[in-house]
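Two complexes are shown next, each including chain A; its partner changes from chain B in the first to chain C in the second.
Showing the complex of A and B:
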């Protein structure tokens, strides 16, 4: 159907265009695009508020993030100087050719990475968060049960269980869930078959908002890849593929110092993982491109972080010679590649895999390693975790604290990685279904608390941090949905 | 009432901890071969001696061994192919719908072994086939060896001629039939995951051939090649690319001792369902079960169904990029060496579950028992096919296919009668 018809009348043009959009599916696409923007960008601030407020409204948080960034950059620069490696360098033609040939098997490359070390690890970041203080808030009292006994000592508002029950109402006991009601003992007629039917319908309608609502009850494995793409509004158009190819050619032409950090990270984490080692090569293909993707810079508008700036050699301080480094503004840390790994189970086409990861990063993962007051930011998640534990398992919390095993010391790494590499993949995907469904990372804190609750009996018997770590070392047998359901809906509050 | 049973006396000539730990945990007593024993986990060499005409001896009712006397009908590459070809011809002769062929003359349901020739008898047939597909690659495998030993790839006739010229004899078979080779069409379009080639190792326990009763271990695994797969002809000699045997991969530069290049079958299922969809994944797993059962049915008539015997086979299967499974070979003595910690646990549990089925209650066996263990002792095994059950038209034994949780078996109705519908077994 086209509008190139002689019958088109000026009077009815407005209606005709609306009809055309509906019929051709463009209305839906526009709706999805708008919905996507609404999900990603924060609500408009007060007109008088400066742009920093969209990044982070609290001044002390901004300051802390700024100092943290300075530290990271200093660490990167000193590694650079020590090893006499430039931050960026054009590759000689022979090297370019070789890399192009090896593009699909970079994992077989064995560059000497012994001198490289990750710029930081989650535990370094935790130390920074522990020292965060709000200068306007004087808490001179001794720690007691009336205030917070955990490691995070900033007064952010976090939800309690009644509020969480409301927010996560679709996880309730009387509502069907994938991850619970699709186990072998349950006949599929009870829930699973119908849920799959509804999922297929949602995909047929191509409605992002409906998909987001749907996945709160979990995605059927066969529909997950498409549902996630629908929610994140990724369609892998020719121009997207072209963009990815462009990034690939940037990788071929220039060598970045962060590339070595990426190699090191993959070799240390994903290559040793029972589930993800198979996809090692895909991880390089995604992450090397990611660090060169300047479109990622857009997310800094609503992130508390600021991309590091570097200067062309010899032009320190001269703004015309300033560049963001790396071009994406994101410096990978130890474990970063684990954000990508689970997606390899869903997408085997590199450009689609790339776009899905990029979107997941700029919507969710960036909040896990930057200091902000956002409810899905890592600081809030830590505080939520500690508060839930202290409120509902006070005996356990107190015991662990007494033996020098502050619970957050153990659960921090789970949350920073969104549990990737700790849970079995099928369970992890069920968890990430709910992250997408609720457009929030709070579920990570709830799950962390639920895990402690689950292993409380064993934890009460340990007498050291090492022993507590051992009790919680292996999460690979956990089933996340029953844990979450019991913690939220079957715990006496 | 309870009979005060004595302790089971065991012997083994395979010094592996996964075995010995299992015997010891049952409180069984180790004895020597020449003493009175009840249970002997023997190597294939030993079973040959026990049942040989010269050195063999009769087993008594309270003695059980872990191999069938002529297991090689299934586990030698040339005999397996021969038996399957014979089985197909028989079915064709009796007009069975299972032996149906398509318009190209290929069996629709029974084409699961790559085209194989046994030189020297088939040499001319092989040359004819080779010339029909001059760009094809063929794999030469010694009939009696394991662990990837002696295997090589060829893509030119001259490569065999060269090989046969080099060897002392001018024919493919020397005096001892151990040096016999098979030539199989090499699957050069394997399904790749993460760009890597892999094969499937599945464990199948057979307690009796007539009636056929077999169990499949739910925890099979995929073995990945450490080096990227390339069909390029220059890499034909690089065994790391082409052979997935752990014995070979272990020596590659990239071999990892944490995961050992292995994936669980449930990971495979999750990946395939997520990227290819549920129906084709279920179909694939159904086909895998199908081909295992058909291979056992093919050798059942010629197997010495000695009641003292059971056997745990290691099936090697390759999936091509059209999601068709191919039976590569069956191992009588699957490796009990553990390459990683996970591996050790898996093999320990495998032996444990095997013993629970083969030696009921861990008590002194009576080989006259009906070999029908109760469901509770199966552990990680699932009934793959029970001929007696199938023929008696018993209650529906359908097991639903669930991602990540079962191997997707859909029941074990007899296939001899009904219409062959590959997607479900009803």
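Showing the complex of A and C:
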């Protein structure tokens, strides 16, 4: 290429290569790739720490995750034996051809899914989290300062409002936000125009770190798809498209039991949603491929979860014939497809949509359905939510507890799904902007508490869990950024 | 209001023959200890106990899980006193929070200078950050050939490492020889 010129001297080769990297944009790409790795992987562990310590440092949490996984495996195995359907089966050639022809309209298929049931629903998972106990903690029955008043009884460290204000400082009252300062009453010269201009500049520079900082104030709709891709370092190169095509061919060749679970989930959730039913076909194309993607296995190094394992028939116990099931190691649960649905508004090319979802999953979403002590893990989010509510709305918290309506019972499903399917889509995307911007899921817990604060007056008047659920059943009219701002920066503490 | 009690564990005495004369590193796994102090007794000099580590914080907050089961290293250069010719080591564990049932430290290892604790697999050039370089001034003189050849060698080593790594690129196969006909999921 440009380095093959005879003018290049050996002495200046190092400098020439550096300049070449800068000019061709490769230096930026390398920086973005390194930045991406730093964001995803946890800080290196102590050399003496075994690999399971990086997955999850607390022994009792590892054990709890193991027991939960065993329950899921048993459930899947019994579904398999009851329905006499194998976990995996090679498709006959005719079926392969049929599926290939129907690839873009799998939604028109109406397979009989009545016998399939989701492996678990969020409320089952909540029951497990409620029973989580540290055996070294004084879990006395008598109420005392040791017991938490909410459903979560493990003493994880969670942030308080002063710390959250510092962490989420860009959401402050005197800083422009999309979702607030772009409303029709505000002239665009005040904030919106300049913010869009800066966003275009960030995209032109192709700088991941700058993009991550920028989206903390929200993404302009026209720039969001590119900004998110820049932050997650997804560029949809020819080799990525090829990889996706290979996954597609894996789907064509083998039929997996989890495929039926995916079908059922999509039919039950996304297809019934006013905003997302149009994307039904895309959801199959993404989720079926996701199940076959062995690169997802890499995230288990830093997840507390372990992929399910099996052996080729007739080779039980022989390690050379051990495989993971599904190949990605991730068994979908009820509502899983809602992690993909919002991305369909941004990405229409299947390979790019696929990669964006996969990266979002291995960075964020996996933490919402596994038991760990990570600050963005669902256990910490639940405790953060309960602590925020108890500290700042003690009367409301006490009242709801007294009437048998523990707040977490209502907000859990919102957080597990990262609010997908509960908020209006434009609001959801503004929320996910901040998840990417802050590289943390804590904002989900803050929003959940802010929603309760917003509807506190109505909630104080209810006298049952069902009535409380009714007050909080419809979040589709909520504007997330004002709620977050008021809760963090304008609530009297 | 009840004042939370402060519990001390009994000092751990390590038998004399097992101690290396010079301490390089102490490695251990924490189990809910909030603060650690270490005192040593030396062969020469007065027989009193010298503090080499004073109230080292292991847990960010004594009441919450952060740091409770983490691995720690205490290095020679972090210690307050000279740790040569040590005959006895005393570990004083403090956990002021009453919420925990037990606290201790586990997997205790003490390394002399000759032995290093297990290190992570890093290529040596990675651990040395290159200082920001001045651009080479090349008007009249020729650069030092030794320097140029050393740099060219470094680049060659890098390309070799990259070439060796390529073989590990994932292919994405999940089956065994084309077969994915499996039993039920395994529980172990």
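Quick note on the criterion: the second predicted complex is superposed on the first by the 485 of 493 C-alpha atoms of A that agree within 3 Å, B and C clash if a C-alpha of one lies under 4 Å from a C-alpha of the other, contacts with A are read in each partner's own complex, and residues count from 1 in each chain.
Everything below uses one rule, namely that a residue touches a chain if its C-beta (ideal position, glycine included) is under 8 Å from a C-beta of that chain, and two chains touch if they have at least 3 such contacts.
Since the structure is predicted, the reported quantities are computational estimates derived from the model, not experimental observations.
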Joint occupancy of chain A by chain B and chain C, clash or fit: fit
Partner chain in contact with A:200 - chain B first, chain C second, else both or neither: neither
Inter-centroid angle chain B-chain A-chain C after superposition on A [Cα, multiple of 10°]: 160
Partner chain(s) touched by A:222 [first = chain B, second = chain C, both, neither]: first
Partner chain(s) touched by A:213 [first = chain B, second = chain C, both, neither]: neither
Which superposed partner A:306 touches (first chain B, second chain C, both, neither): neither
Residue contacts with chain A in the superposition, chain B compared against chain C: C
Partner chain(s) touched by A:70 [first = chain B, second = chain C, both, neither]: second
Partner chain in contact with A:90 - chain B first, chain C second, else both or neither: second
Which superposed partner A:391 touches (first chain B, second chain C, both, neither): neither
Touching partner for A:274 - first (chain B), second (chain C), both, neither: first
Smallest separation of CA atoms, chain C relative to chain B, angstrom: 28
Shared chain A surface residues [contacts with chain B and with chain C]: none
Touching residues on chain B, where the partner in the complex is chain A: 193-196, 224, 227-228, 253-254, 256, 258-259, 261, 263-264, 266-267, 270-271, 273-275, 277-278, 342, 400, 402-406
Interfacial residue positions of chain C with respect to chain A in the complex: 27, 29, 31-32, 60-61, 63-66, 68-73, 98-102, 107, 109, 117-120, 135-136, 138, 142-143, 148, 151-152, 155, 170, 172-176, 179-187
Chain B-touching residues of chain A, taken from the complex the two chains share: 104-105, 107-108, 110, 182-184, 188, 220-222, 224-225, 271-275, 277-282, 344-348, 425-426
Touching residues (chain side chain A, partner chain C) in the complex: 9-15, 44-49, 53, 57-59, 70, 73-74, 76-77, 80-81, 86-90, 134-138, 146, 154-157, 243, 246-247, 250, 254, 292-295, 308-313, 316, 320-321, 323-325, 327, 373
